[in-house]
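One structure is given below, represented as structure tokens, and several questions about it will come after.
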Amino acid sequence: MHIRVINPTITREWEADTCQAYRAVADPETEISVVSLNWGTASIECHRDHALVIPEILNKAMAAEREGVQAVIVDCMGDPGVAAARELLRIPVVGPAEASMHLAAMLGHRFSVLTVLEARIPMMEDQVASYGLEEKLASVRAFDIPVLELERDPHATLQRVIQVSEQAVRQDGAQVIVPGCTGLAGYAGRIQAGLAERGCEVPVLDPPSVAVKTAEALVLLGLAHSKRTYPSPEAKPYRWPGVKLYGE
Amino acid sequence: MHIRVINPTITREWEADTCQAYRAVADPETEISVVSLNWGTASIECHRDHALVIPEILNKAMAAEREGVQAVIVDCMGDPGVAAARELLRIPVVGPAEASMHLAAMLGHRFSVLTVLEARIPMMEDQVASYGLEEKLASVRAFDIPVLELERDPHATLQRVIQVSEQAVRQDGAQVIVPGCTGLAGYAGRIQAGLAERGCEVPVLDPPSVAVKTAEALVLLGLAHSKRTYPSPEAKPYRWPGVKLYGE
Amino acid sequence: MHIRVINPTITREWEADTCQAYRAVADPETEISVVSLNWGTASIECHRDHALVIPEILNKAMAAEREGVQAVIVDCMGDPGVAAARELLRIPVVGPAEASMHLAAMLGHRFSVLTVLEARIPMMEDQVASYGLEEKLASVRAFDIPVLELERDPHATLQRVIQVSEQAVRQDGAQVIVPGCTGLAGYAGRIQAGLAERGCEVPVLDPPSVAVKTAEALVLLGLAHSKRTYPSPEAKPYRWPGVKLYGE
Amino acid sequence: MHIRVINPTITREWEADTCQAYRAVADPETEISVVSLNWGTASIECHRDHALVIPEILNKAMAAEREGVQAVIVDCMGDPGVAAARELLRIPVVGPAEASMHLAAMLGHRFSVLTVLEARIPMMEDQVASYGLEEKLASVRAFDIPVLELERDPHATLQRVIQVSEQAVRQDGAQVIVPGCTGLAGYAGRIQAGLAERGCEVPVLDPPSVAVKTAEALVLLGLAHSKRTYPSPEAKPYRWPGVKLYGE
Amino acid sequence: MHIRVINPTITREWEADTCQAYRAVADPETEISVVSLNWGTASIECHRDHALVIPEILNKAMAAEREGVQAVIVDCMGDPGVAAARELLRIPVVGPAEASMHLAAMLGHRFSVLTVLEARIPMMEDQVASYGLEEKLASVRAFDIPVLELERDPHATLQRVIQVSEQAVRQDGAQVIVPGCTGLAGYAGRIQAGLAERGCEVPVLDPPSVAVKTAEALVLLGLAHSKRTYPSPEAKPYRWPGVKLYGE
Amino acid sequence: MHIRVINPTITREWEADTCQAYRAVADPETEISVVSLNWGTASIECHRDHALVIPEILNKAMAAEREGVQAVIVDCMGDPGVAAARELLRIPVVGPAEASMHLAAMLGHRFSVLTVLEARIPMMEDQVASYGLEEKLASVRAFDIPVLELERDPHATLQRVIQVSEQAVRQDGAQVIVPGCTGLAGYAGRIQAGLAERGCEVPVLDPPSVAVKTAEALVLLGLAHSKRTYPSPEAKPYRWPGVKLYGE
């Protein structure tokens, strides 16, 4: 099985880490390949960023299907372009946020999502609601570190994320934690351990890991998104700057 | 007051009709100007189309603010790009769907939305939910005519829309009707009259009209969207094909 | 256009200020006339007060329609008598609470309502729910000044309202503020400015202003409430003390 | 124990039947007294009717408390004046709709309410929602006989109500039936029997019976409504035609 | 009338107190008999305990119906076995939690439930939701005393429960209090008095009392649960250790 | 990895088929073992059946953990005993209903569940709600074949299930189908093909397959249910007929 992970930014430096994060939990026989965008933004933190990365995500997703991969994952907790890509593709398109929030909903009464910036809370609350999971949401809490600074001081990032997670558990009633940024890939185990030390024994999910297992399961079970929900669009006239879109 | 209406497609032929539709109900002192997209699709019927029109909608919206207009309306019932444009702009950005659904919610117990194709029903239901108006929704019904064919036989379109509206009233309990495609601009009065003839006395909204009155009211009252919900994004590195984005 | 504002109390002293508040934002060609009640209470703060003012509100509303005005506004954030008046009238009947809460829902993720007394919180929460806007409500907060004392010390009132608004923003996640008493008419701009000084940049609505623009828009668009939701009641036997009701 | 039933109309002819309906299930030691209104309408079918009966319901309710009765029931499925009366009284005020809908919610998965006229469906749906019972509601169905004609042909009324109940069971999934008009007092047993004959074994409640047992239970348990929800209003200036209100 | 109260534990020592609690408010002509379980656990605090007591609760419930009692109450705020017993019985089966939460919903805007241990909060929240009463719930709060230690120091228990109730009122907006453990039977009056002393005038329910009045009312009105919701199961092969089940 | 599948009935004949169904999609290195109950019922169709199988499911689940298996699946779409077993175990306990409904929610706008008997619809609707997935539910439809007769005429069963699925798609707006009985294990592909022939292209899940992939993923990712939601119960006195419980 070959799964294509789309790094939905132009920050090509993330590719190696991303690939490693996904490979770490993939089945030994699963091939993971990562591509970044030619056009788009350096990171994704708002509606504007979504707008600028989605067209090229669609290009990369369609290319993946043409190349014969079995599933596509968009490596961002905003799940940008996932709905549009499902219209264009028949192979599974997995969003780490959607997959990990549904798993979180299975593991406990309510979950909290940790997001990078306070300014993203409304957007993330809307996203949870769009998956039909409002009733399972304890809270969205921000740890207030921008995406591009997450790796500047990993220890400080970890401590801050653990602290905010503990607030989610103790004050909001969170019983499962979902880190809301794929820039935190690989931190889940340490967050869970840190919380346990503070007396908060709750599962902490690693969304990229959940995404890859979900993608593998869908491929293995011969399942994909419903074409009634994501009907294949008709070809229609369009104009696009400089490049041809969609493999024509 | 100057309101910029963005025709969020590359179908420049619609501009004259669009302009007329908005001017018809605007205050005599309100200037209405319409622009179409340089890049994008010919019409908007799915997530893919949204993806391809939003970047250029943002360009046009930012240009509008730079030119000193007081408000922007995106002339499509999918409200494409409205959230992202609100991040980038301080002047009001009005979506005809959001504005007319909230007005519909004030006028009656439940409203129904008429959408072009059955395939768009899930997307429209999600859109209504995203405005927090699920409880006020009687149904989304499709009249099954693609956007680009609405004007082929206006009489048949009207009859079909009246018929589906009557089903919404009698079978789903709709008490207000919201035509879910700005391609039906100007039909509202005739739909309402047709329904009245069939014994269904319900208001039928004309979303472009509602949008222009909402935009005028916001400007006059000195109001715009909350920057806590739509915070202005930081500048960040990006790459885009052929053109410079955002007026640089 | 002629809009009749009903001051739904017997406190005739409010008429001049009320008239000014509505005229301030009305179209120059809109005539605003204000009437107070012959029978009723001095202010409106509970279910009992609603009971005592609504019969006469209906009288005044029916008289307004007979006199040929184009729309009626009931100047109270409890929207007393609005539903009943809609049964009796064909011209639009606008409640400032309903109109401003729907506008607030369009401007941001969640809004908070400021109400006079803690004792009114359950009633206001029920009112928001009755408009189908629960999901958009951040909180109802009381600033604990009775209606009849709002104007005793306007500066103290303003400071108290700003303080409570800031709590709504910072603790409850409010992103838009709706003052929940028309006694605060005209304060909105100063509340918004006061919040901005404290680092809370959120829109603050002036419900009378929103009501008048909504009424003007409905008249201009030829719209009114659905008679399916508010069917005209049959004449039926009644008995009423001392006066004839309803213009007979 | 003495329970005062307020017939919230001026139709004094209903008093004897009303009294009998309540006495039939009351404890032998419970005294039931019925009063009708001096001022108000002949029946209650819309918001306008509510407006015209509530002031006098409050008078009668306050008089009842002054006279030393232990509980008040307002004999109408619109529960008119119940909230306002709870502000004014410390003894329990029971609405047959609220009491029977909560009991219905305990007896089965979902209940349907039968209302007199299609025009009342929105109002009844709002009422169910205001009790927090939306999730337990299968449907509101109208049997389309005005209140004042219910007794013209009792057999036809019964047959029609059974037929509509069966539709509620088979088409809407109702598992309990709540007749939504106290004019159907005493029919419940026959509706239930009629449904059973048609293969629909569901409980059918008699709201006046439920109201009287609820009132008796509250009195016996020393309970009444929360004064935090229904705080006692301050005295305040008022003016009222011809009569003094509230026992002054 | 004869009502059978099932003490759903093997702790026979509770029988006398239980019997007294139910008799205290029962009609003088109502006979109350209490039985404990032969098989099961000493108290009920989790899903595992439910699993171990329900089979024998069903045995006792079926025996009660065979013996000709008119109603069954399961004396635990988890309402264990109530749904299953309703399948097997035609006489009313009353759960104190369901009955008292619906009554609480009638008495005020929102209610809080006091539960024994923080660990039970998710379970109790789910239970409230299963009754369709989420919207009426202010909070579930734990007073952190295990069931079997409630009676060790009744004064300390009372003080702790009052303190937590006050938090529910002041911080969560509770307007009615429901003690969430039948081990607190008889405390309601003192909790209510304690709260009143602290300025929180709210009703506090005694769930066993509510259960017995509900059972009496159902019997008197000839009502029971809907067999459409709780259909009688077909006989089917089973195997059970050592004993015959269900009276065979 | 070793996964224990509990056939939660005494019908040992199902073991071979069950084992095959789970092995078919399990990883080649995953060992699947199936155990049936010593005590319980022959099939599971109601609350009573749940009551009689759960105690022994807990025995089998605890035995599985003691034996060192890595995860437990309870092979029934009622997910009986899953919550209680999670209290007792630290290894993942997977319910096929919960796992497949969450996956269905990811694959399309709304899903329908097919259940055996109309009498089970309320129970299944409650179950979906308990997972927080009400908003994603299109409908629960019954195909009216008892569990024990599913295999009598597999072709007729298949045709009936396809027919009911088509109704769910066309009439209820289902966009994903979840067979609500593990007795339909292995049918999913044929139902999906049958629906496709009738023009309904929707994914049809095989709940046992989804359960096994979910269990494998949890084990691989080192995740299990939150012990804050499912806290380990204290040991406490109990009495049980004939056997010792829980491995003592």
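For clarity, chains are labelled A, B, C, D, E and F in written order, and residue numbers in each chain start from 1.
Going forward, a residue touches a chain if its C-beta (ideal position, glycine included) is under 8 Å from a C-beta of that chain, and two chains touch if they have at least 3 such contacts.
As the structure is a computational prediction, the values presented were derived from the model and not from experiment.
Among the remaining chains, those touching subunit B as well as subunit C are A, D. Of all chains, the one whose CA centroid is most distant from that of subunit F is C. If you lay the C-alpha trace of subunit E over that of subunit F, the rotation comes to 180 degrees, to the nearest 5. Chain centres here are C-alpha means, and the one lying farthest from subunit B is E.
The distance from the centre of subunit D to the centre of subunit E, with each centre set as the mean of the Cα atoms, comes to 28 Å.
Work out the mean CA point of subunit A and of subunit D, and you get 53 Å between them.
The distance from the centre of subunit B to the centre of subunit F, each centre being the mean of the chain's C-alpha atoms, comes to 44 Å.
The set of subunit F residues that touch two or more partner chains comprises 108-109, 122, 126, 129, 135, 175, 228-230. An unclassified topology is adopted by the chain contact network, corresponding to no line, ring, star or complete arrangement. Checking each pair of chains for touch leaves A-B, A-C, A-E, A-F, B-C, B-D, B-F, C-D, C-E, D-E, D-F, E-F. In the complex of the two chains, the subunit E residues touching subunit C come out as 108-110, 135, 173, 175. Within the complex formed with subunit A, the residues of subunit E that make contact are 121-122, 125-126.
Interface of subunit D with subunit E (complex): residues 25, 27, 98-99, 102-103, 105-109, 131-136, 169, 175-176, 189, 200-203, 205-206, 209-210, 213-214, 216-217, 220-230. Residue ranges on subunit E touching subunit F, taken from their complex, read 10, 38-43, 45-52, 54-55, 58, 81, 83-84, 86-88, 119, 122, 126, 129-130, 146, 148, 228-231, 233-234, 236-243, 245.
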